[in-house]
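Here chain A shows up in two complexes: once beside chain B, once beside chain C.
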Partner chain A sequence: MWLALAWRNLWRNSRRTLITVAALGLGVLAITFLHTYRESVYGQLLDNVTSGALGHLQIHAAGWQKNPELERVIADPAAAEAAVRKSLPGAKIAPRVLGYGLAGSGEQSTGAAVFGLDPSREQADLRFVTIAKGKHLSAAGQREALVGIDLAEQLGVGVGGEIVLVGAAVDGSVANDRYTVVGLADAGSGELNGSGVFLHLADAQAFFGLGAGVHQLVVRLAGGGEDVSRPTAQLQAQLSNAELEVLSWDKIVPELKATMTEKRKAQAALAYVLFALVGLGVLNAMTMATLERTRELGVLASLGTRPRQLLGMILLEGLLQGALGVAVGAALTVATVYAVGDISLEAFAKQDMLGIRFPSTIHLALHWGGLLQALQVALWTALVGSLLPAWRAARMKPAEATRSY
Partner chain B sequence: MLLRLGWRNLWRNRRRTLINLASAGLGLALVVFYGGLLGGIVADAKQELDDAALGHVEIAAKGWHARRLLATSLQNPDELLKKLPLPADAEVSARVVVRALASSAHGAQGVLLHGVDPAAERKVAAYLRDVRQGRELDPADDRGVVVGDGLAERLSLSVGSKLRLTAQQADGEVGADVFRVRGIFHSIAPAIGKGHVIMTQSAARKLAGLPAVVHQVVVQLADANQADAVAAAVVQAAGAGVEAPTWGELLPILKSMDGLIGLIQWLIGVFVNVVVGLGILNTMLMSVLERTHELGVLQALGTRPRGVVALIAAESFWIATLAVALGLGLALPLVAWGEQHVLLDFSQAMGEGMEIGGTSLRMAFHTRLSIGGALQSAALVYAMTLAAGLWPAWRVSRLPPATALRSV
Partner chain C sequence: MTFAVHLRKLLHGALAQGSVLLALCAVAAVKPPEASAQEPPDLPPCPSQAEKPDVPRLIQRIQRLLEGASSTAVMTMTIRTPTWSRTLKLQTWAKGRDLALVRVLEGGPRDTGMMTLKRDKQLWNWLPQAARVMKLPSAMLGDGWMGSDLTNDDLVRGTSLVDDFDAKVTGITKLSGGEAWNVVLIAKPNAPTVWGKLEMQIDRARCLPVLERFFDEDGRPVRSLLFSDFRSAGWRQFPAKTTVVPEAKGRETVLQYLEFQFDVAIPDDTFSLQRLRQGR
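And now, the complex of A and B:
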């Protein structure tokens, strides 16, 4: 009954109620839209990262992440792979080698990061490089190389050209060999595109004298997601090898994870400030609504309505407005997301943040987590905004109240 | 007289007015403060350029920026510099730039060698003023290098360690030599800490087999807005063989962020004002309707509809003025204080610098006072309150006085 009463009271001054609901709705729109945008960006960033250079998880020889020395290899990658298959069914695995050398063409040379990768394992949703020009490495090692697009320009080498790599093998001897450039690679970040040379895994192992050893086993999970602590723990338990480390993506690029966390906090703070402003509007509207009805509320009180019930009724009016505001805001958000569709960030395209290529187009996808947050905040706002007037109304002396109008 | 009437009307319902003022004032404070914070992130390209040892203008032989070939160099750099019309207060450093492989007993890493005049270079490179172990490079020390802490850790170097540098020379031969680490610097950009090695110009030339040339002259200006003019003058004076891109061309992201932040501040301003404005619209509607009778009396006594609207507009004007005073009074001191102090510090969680598009943003934010931005936001408050007052005013002014008089 109280609900019906509160609902009817709302529409006694429908214009005022609509304006208040509109303000609440706009606040909800702001929160849910920002949330949707942010999570869409993060989703895409994460997908780029976990399908490219990093994967969701990586297995290394213990200490390699901190100090990537050439001799710290996973000596028996086959055993480690078997552990992954057993504990994380459906996961994809790519073995990689990383060393450094001097890459030279006829006229120019420069320090380069030399990667070894297995082209048959680098496909679809787990691939280190995309081929910008030319073709990928052959399935067997045939002294072929992919060169990062920016590095190729610096070296003045194109598809069909030749590069010379000079470096130090794991036993300290000088490693020196020639490779045919079969393609130009986009590795998803300016740093890698400007310094990366990609060889077949077997060629890289031979160049650095690593035998069967690899530096990274990059794992892309079938399910994925942002929080991969459970699969990480599962894999660790299955491996139970003190000579290996298992690291999740957020341990490999902790700055990215921290950026996401801090931005989420900052936007939550913005939401509260925004709703404090909306709340002042609600306070004003509800104050007016109760003052107008002083006499009527006094009559209710003299007829035996308890102060608690009056308080409840007015708070209920506030809550109903909050709920309407959330409904309006949710509808506006859906409409906005649908209308906006993709957001182009061309100005930032080809720019790296934290060494990661920023997506050039954001495909907005609804994230309802923001609505949940907005629902909480909006209901609290409406409730707190009506608390003061409701409390005043409940404490009125019926005799005085019935005398006013 | 109109303003005095408006002022008095304002205080007929004091609580309502105070709540309105609080919401409009806080809204403005939020917008101005947020703008100051955003402005602080890209306050002044100077800081970012300094951190990354880049210039507002970078002079090089034509084509060098595209491929950075050893052979694409500036001949007779001293004469050239004398002839160039650079402002007297500009900081200028000439570099020999060589790509090399740095190796120690513990590994190897591709690096960028900067052959510099240490005294000039330290003015344009913040990290050279932050040597944390050992000492800065001596101008006459052709056997010494200064390296970053990232490289030192990677190759297990300490002060006094040997560092082997290998580079391909201009004639295709491989040059290699062993240097001693004299100092280890710290940079907020991990890529620099891991990838830059500093030595004297003559040592770099000897390693790379070069004559007395330089590759890059970095110019940092006191006023970033002069960059285009300086670059144009440099190209004019130096002739066709020289290119002089500006920071806007080299680091487009810094420029685009400037524009983006202006847009964001404007959008937030509009949005906050619409939300606040709806609350004010509600109270203006109420306060005008309450006074329907009284306004009817005014009209019956000969006040024109225009006069009624003006009376209510005067009330809006006062709300806006007080809200602006409140909002700016809150936000401006805070923003001004934040110019000197760190208001927001993400460096614990995110590291001291965030790499973005070839430069690094410091993660401990100062604010940046922008009077223009604050005034723009204040103008929005005026527009919003006037708009919120006009609709009810227009409605009531169109009522026939007789109808208005009859309402209670």
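And now, the complex of A and C:
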């Protein structure tokens, strides 16, 4: 009965109720849309990162991440790979070598990061580079090279050209050799595109004199996700080798994780400010609604309605408006997300964030977490906003109230 | 990922060797031309008796001793680092301060036959396995040699001790079998040198340095050069062994002359880039 009463009361001044509901709805829309956009960006960014340079997890020789010296290799990558397969079924693994040298072509030369990768392991959702021009490295090491697109431009070398590399091998000798450029590579960051040379793993191992050693085993998990602490622990337990370190992506680029956390906090604060404003609107509307009905509420009280019941009825009115607001907001959000679909960030496409290429297109995917959060906040807002008017209504003296017009 | 940092750091390692090679050119280039046993008349004499010698004249003498027209030499270079050590056998040709060539006579399978040519202020490498010549990028000439035991400044520009520094004698140090002047050289303001300060110990009898310590512009020690095994060539004496000890970490580079010839005729095409491109 109280619900029906509250519901009927809402529509006695339907314009005011609609305005309040609209304010709540727009608040919900703003919060959930921002949440959805942010999480879509992060999801995509994370997917880019974990499918490219970083993977979800990496295995190195102990201390390599901190001090990536050439001689710090995983001496037995096969054993480490076996441990990954055992502890993390379905995970993909890409072995990589990372060294430095000078790259030259004709009269031009400049510093370069020299990577070794196994083209047969670099596919689909785990690949360091995408081929911008030409083709990928051959399956066996044939002294072929992929050159970062910007580095290629700097050196004036194209597909079919030749690149000379010089560096220091692990035994101190001068590593030097020349390679045929078979393709230009986009490695997903301006830094790598401007300095990266990618050789076949075997060629890079020979160049730096590493034997079978590699610097990274990059692991892409089957499930993925942002929190990979459990698979990390599982792999660590399986490896049980003090010579090796297992690092998750958020330990490799802690800045990225920190930025995400920071932005999430900032947006949560924004949400609360927004709803505080909406809450004032609710307060205003409910105050008006109870003032207008002072006499009527007085009559109700005189007829024996208890203050608790009055309080409940008015709070229920607030809650109903909140629920309506959430429904409207959710509908608007869903409609907006599906109407917008993809957001092109072409204008920022060349920008890197912390050395990671920002995705050029964001596909918006609804985040139920955001909606749930907005639902809670909106209901609380409506409830708190109507608390004061409800309290006053419950406490007024019936005699005085009935005398007011 | 801080690739730029790694890149810089590791490039220094990669280039360290090259720089040591090139530094030899400077060492070789400063070998004297005159074969006569008589000192040239315009050379400032060695003021062995003076407690406080006229430092500019003393340094002039040293520079004259260590500057020459042409020379060839064969030497070994031993590099020791915490993770590896190796010895290379090198041959050098030098003409004046601007032309020099170093060839690796014996090294590893990949770097035997490697050559480095210095022409004026530019450096080229012949890479035997790649069978190509690579010019050292000027950015590396500018700042790339810091991780090495000898600096690029030693080779390409060459600090002038007379022009760039204010020098004074600060005391006497006892050496085994002699005494040395302690000389402190402070870089003049705006001098085109990478060093802030040099400390030298100059053997009084020979008038040649036995120790040089180099400090950067903030006064931090960077490296020491130790000279020993003094030999005679005509009227000159020179150290046949140079040990470079960088301040950084467990590294050391030792240059030991096996053969040396001064004032020899070297054909100009020895320093030709065309010839280098053919790997000869």
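As a working rule, the second predicted complex is superposed on the first by the 405 of 405 C-alpha atoms of A that agree within 3 Å, B and C clash if a C-alpha of one lies under 4 Å from a C-alpha of the other, contacts with A are read in each partner's own complex, and residues count from 1 in each chain.
What we mean here is this: a residue touches a chain if its C-beta (ideal position, glycine included) is under 8 Å from a C-beta of that chain, and two chains touch if they have at least 3 such contacts.
Since this is a predicted model, take the numbers as computed values, not measurements.
Superposition of the two structures on chain A leads chain B and chain C into a clash.
In the superposition on chain A, A:195 contacts both chain B and chain C. Set side by side, chain B and chain C differ in how many residues of chain A they touch, and the one touching more is B.
Judged by the touch definition given at the top, the superposed model places A:375 against neither chain B nor chain C. By the touch criterion defined above, A:178 reaches chain C but does not reach chain B.
Of the two partner chains placed by superposition, A:390 touches none, neither chain B nor chain C. In the superposed pair of complexes, A:330 makes contact with neither chain B nor chain C. When the two complexes are overlaid on their common chain A, residue A:261 makes contact with chain B while staying clear of chain C. When the two complexes are overlaid on their common chain A, residue A:281 makes contact with chain B while staying clear of chain C. Applying the stated contact rule after C-alpha superposition, one finds that A:15 touches chain B and leaves chain C untouched.
In the superposed model, A:70 makes contact with both chain B and chain C.
In the overlay built on chain A, none of the stretches 93-101, 129-137, 165-173 or 237-245 of chain C clash with chain B except 129-137. Shared interface residues of chain A, touching chain B in one complex and chain C in the other, are 68-70, 99-102, 104, 107-113, 166-168, 191, 195, 355.
Chain C makes touch with chain A in their complex at residues 1-4, 6-8, 10-11, 13-18, 79, 81, 83-86, 107-111, 114, 125, 127-132, 134-137, 139-140. Across the complex, chain A meets chain C through its residues 53-54, 68-71, 98-102, 104, 107-113, 164-178, 191-192, 195, 252-253, 355. By the touch criterion stated above, chain B contacts chain A in their complex at residues 15-16, 19-20, 22-23, 26-27, 30, 34, 66-71, 99-103, 106-111, 153-154, 166-168, 172, 174, 191, 252-253, 256, 260, 271-272, 274-276, 278-283, 285-286, 346, 349-351, 354-358. The touching residues of chain A, counted against chain B in their complex, run 15-16, 19-20, 22-23, 26-27, 30, 67-70, 99-102, 104, 106-113, 153-154, 156, 166-168, 190-191, 195, 255, 258-259, 261-262, 270, 273-274, 276-278, 280-285, 287-288, 347-348, 351-355.
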